[in-house]
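See structure below.
As written, the chains take the letters A, B, C and D, and residue 1 is the first residue of each chain.
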Amino acid sequence: MHVEPGTALRLWSDDAFGGVLRSVDDLSSAKVDLRFVNPQTGPFCVEGAEPGDTLVLHLVALEPARDWGASAAIPFFGGMTSTDRVVTLQDPLPDTTWIYELDRDHGTVTFAARHSEHRIELPVEPMLGTVGVAPAGGEVRSSLVPDRFGGNMDTPQMRAGSTVYLGVNVEGAMFSVGDGHYRQGEGEACGTAVEGAMTTTLIVDLVKGGAPGWPRIEDDGHWMTVGSSRPMEDSWRIANGELVHWVAQLYDLHVMDAYQLCSQVAQVPVANVVDANYSVVTKVAKAVLPPATAVNGMHADLRARARSLGPL
Amino acid sequence: MHVEPGTALRLWSDDAFGGVLRSVDDLSSAKVDLRFVNPQTGPFCVEGAEPGDTLVLHLVALEPARDWGASAAIPFFGGMTSTDRVVTLQDPLPDTTWIYELDRDHGTVTFAARHSEHRIELPVEPMLGTVGVAPAGGEVRSSLVPDRFGGNMDTPQMRAGSTVYLGVNVEGAMFSVGDGHYRQGEGEACGTAVEGAMTTTLIVDLVKGGAPGWPRIEDDGHWMTVGSSRPMEDSWRIANGELVHWVAQLYDLHVMDAYQLCSQVAQVPVANVVDANYSVVTKVAKAVLPPATAVNGMHADLRARARSLGPL
Amino acid sequence: MHVEPGTALRLWSDDAFGGVLRSVDDLSSAKVDLRFVNPQTGPFCVEGAEPGDTLVLHLVALEPARDWGASAAIPFFGGMTSTDRVVTLQDPLPDTTWIYELDRDHGTVTFAARHSEHRIELPVEPMLGTVGVAPAGGEVRSSLVPDRFGGNMDTPQMRAGSTVYLGVNVEGAMFSVGDGHYRQGEGEACGTAVEGAMTTTLIVDLVKGGAPGWPRIEDDGHWMTVGSSRPMEDSWRIANGELVHWVAQLYDLHVMDAYQLCSQVAQVPVANVVDANYSVVTKVAKAVLPPATAVNGMHADLRARARSLGPL
Amino acid sequence: MHVEPGTALRLWSDDAFGGVLRSVDDLSSAKVDLRFVNPQTGPFCVEGAEPGDTLVLHLVALEPARDWGASAAIPFFGGMTSTDRVVTLQDPLPDTTWIYELDRDHGTVTFAARHSEHRIELPVEPMLGTVGVAPAGGEVRSSLVPDRFGGNMDTPQMRAGSTVYLGVNVEGAMFSVGDGHYRQGEGEACGTAVEGAMTTTLIVDLVKGGAPGWPRIEDDGHWMTVGSSRPMEDSWRIANGELVHWVAQLYDLHVMDAYQLCSQVAQVPVANVVDANYSVVTKVAKAVLPPATAVNGMHADLRARARSLGPL
């Protein structure tokens, strides 16, 4: 599908399991084929987008599209188990599914323990696990992979009010979104969030040139960068290097001064330690630094345009 | 020095450079011997502490003890440079020192760029980089090392109001503190924070038995664990494993349920990516979970005892 | 191009630089686009190959197809420099090219120092850096990437006399070969070997089913497996896990016994520490174990068929 | 014990288990305390050794001192299991012990499978897992740790005929040796080799100054360096950086030329992936390079002195 820069889209995406985990008796080993999980909505071809440009996606609203979400401890997948990469000879953890009922009135999902009677209401904090463009160099990647092109970064920072900047690699950018999470802890330890179908409202825009090396996110409070690689210190090195260069540019600082400044003000919330690459976010609070404007004030402009869309 | 459990101490610690970086012309390559940096105040022998016990340190107040702090990009030390472990054949970054003036009235330190005229006021947020006990197995470790015994974890979470739980390895626990930071970004990217001499008021206590495997921190808002190793995903695995077991214990949950619950509620602020081991904090906000009490309510009790000390 | 199982092919492949580095004055930064390096010969569609089958490639002969090879220290690429993943703020190493003259009579290439008059004759030991099939899950990967599908493993073990077993992921397997090296040290430290155009004679065969999880190599002396991931211990875990299971199968051993046995007899030559994934080979010498036969004696059979091809 | 440089010593060392695993019914979980394993013979104070000097240890002979060796899969220890650092929530592998009978006449040890009747004779290839000096900076380290000071490197290269060069950190160097292995695969996958008491004959010597940054080993065929850290690519970076600088020095090459040369001739046998740090060896065969002499011909001299000791 072709979209003009400036277009607002309202998109539905299925959950990462393709909707097949509907009760605690639906086990991932029986129902889920890891080669085909995490279906995306897209790709969308953005008119005029060329390699080297900056694709801008502003998330206006994320609304749960079902009344329940699902999470699973998939055998040999996740952060507290050996995997197909962190190979050991041990038995897998027990294949287990959790279903979270959504209470729209209270804005909560309910954690229901599988081995006891505990039930805990947790606030809904919708986010998208996967937002990306087509990779460079003719590659095609699984939607489970986060990398330079965005993808499955699985950071809770990808929420309503966030503006994402992605470098365009191919004509049309070919972006897609998906992997809605009704909530997710940082690290996504067990490998899956509260996975749920999502209705996403977003505004697509394009800036000619200026492609960032790695994904950048801006919201009202923070400048953010995301690095995705292995080992996790490399993810951090990528994200922090990108942040230092961005702060140097925003404030016209020498890179050594930007390095020093970021060292004293950065926050580093881990995104995921479970995917094909581990993702780390580095961010700086706008409040601790002097006012500055990125990408010609694109974020503030998009916030205004989002408000003009009226109630959704 | 011997201390009885229950004692409040008021301690002075020098900065990590031993106070020798006093102007931007004091270069670390000339003034600092990395084998003898980061002087600690201690060790203190806690009466009655035996291996397997839990040493409890409650930070009542951290007060800057000088009117300036120092930071440096030490050659081949830090996160955005090759190091003695991440060996490359490249030249080092330029040895550079920054001096931060402290404004006690405004509660700020001033970042002064070295390559331009920029000056930025940053809020003072005092913390201790290093809090630890003697290692197990007869080891003696440099104060630059964070590990199972605590040590140079360099997390901003180590601030006034925090209670630290450390497993005791030797008779008397032999704890020490130091490495005051007037502020530090998560990751401590350049390898040094706003390093400053510090006056620390803390209460020492002891719980027989119950030694945690790795350092735990509790404050009014969060349960926290700290893992320190390499690569950084192992630091996270350590911290998250400890958190899962702690949450299982706090709420009487099956470990698989605790794993699932933590996956949806944990926060993961990186502490440092620059020391001998990288440190990662995992934490859970008390507000999102039902009320629970750790270590027989030790933290709340210490908060009350801290208040009873009156103005410092 | 379609090939029947059992076919012998004689293939030409260009060097990894596409032949553009012809003198020490040809710098990689000017002449090489890293997005389009490492051209492969292929893909070849193998008749009858289906997902889950085992593609068998036996390297009969590797002959240098030019009278010189080239190597380069490409800026921000290689093992002794920061890279686009191991990000630092340091300057790159100097972009440098070395040309190796081939002496066919003596079977040597000549290392000619760039900063002094040293010249050292090194034995030619031809190998292929890249041998792979199409990835699973609809992915398309750069020829710089080694992974489960083989690819840019850059191991000196990929030489004449070796038989490679690769799991088939798509109809026809779609294999390709390239990246000839006139010689290469283990680790490929600077990121490039003595890169040279190569004439490769190989026999293609197919075994229905039995796809190994990761590439396996057999020669007259060794059973070998190759793991490619990051960090490097994960590459080793993959390769060693695969080796343990293979040895268990070859000798009908319990996996714990195979684990023990491999612990005492394995060799672990690192392949590369410079590519998108690091590759580690684990191998067992046939001479230290009782006789055993893999894949129905495929390797011995291919050796015989190779001899029957006569002088090339 | 004090020794003069030039002294030949004949030393006995117990096995890493302290001799307590004597039958397959002796389980490590019952008999072995990991805090006190791997007993060393030493430390020895070398007369005249000062920080910055080079301690030289030439291994003349390694002779099994018992008629059996032991190996074990210790719960949560080793390379194919989660550990106290690579934390998962999985159950441990079964605690298992293997006993290897030594046949002195045939020079073999016998692998006896625990789950079947297989018995395989393996050649005895004695080596020392642990050779080290006192650490720098006042540290005391467990004998399980390999690092800059040598220690538990667990490389099969540490065998009779090898000369080890270690940087001296403290007065007297304070070296120790131990952890005899009747044989070991590279990687030491299960965490333990064929552990056996050993009689070691070695010559101690000292060179004033010239301390290498990391352990170097020379034998008749190779120049070798050993790096020990985590992740494993850092171990390699350390070892390879040390090798490049050594080769540059041996041949009076520019470091960029040495980098290039090593890239084409290095071998990289992994030592261990199971200890507190992972160890990687990088080596260059003397046969592929022009003749050169390290440390004033110390190795050749020691070989001659070893022969003059006569039959042991």
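Note that a contact is a pair of C-beta atoms (placed from the backbone, for glycine too) under 8 Å apart; a residue touches a chain by one contact, two chains touch by 3 or more.
Computed from a predicted model, the values in this text were never measured in an experiment.
In summary, the chains found to touch both chain C and chain D are A, B.
Among the pairs B-C and A-C, the greater number of C-beta contacts is found at A-C. Among the remaining chains, the Cα-based centre furthest from that of chain B is the centre of C.
Note: centroid distance chain B to chain C, computed from Cα atoms, is 46 Å. With centres set at the average Cα position, the gap from chain A to chain C is 35 Å.
Counting partners per residue, chain A has 80, 86-89, 93, 230-231, 237, 240-241, 244, 256, 259 as the residues that reach two or more other chains.
Taken together, the chain B residues at the contact with chain C in this complex read 80-82, 86-93, 231. By the touch rule above, chain B contacts chain A in their complex via residues 71, 73, 79-80, 93-94, 96, 98, 111, 113-116, 118, 120, 122-123, 183-194, 230-233, 236-237, 240-241, 244, 251-254, 256-257, 259-270, 273, 278, 280, 282, 288-290.
Contact residues of chain B toward chain D in the complex are 35-36, 84-89, 136-142, 227, 229-231, 234, 237-238, 240-241, 244, 255-256, 259.
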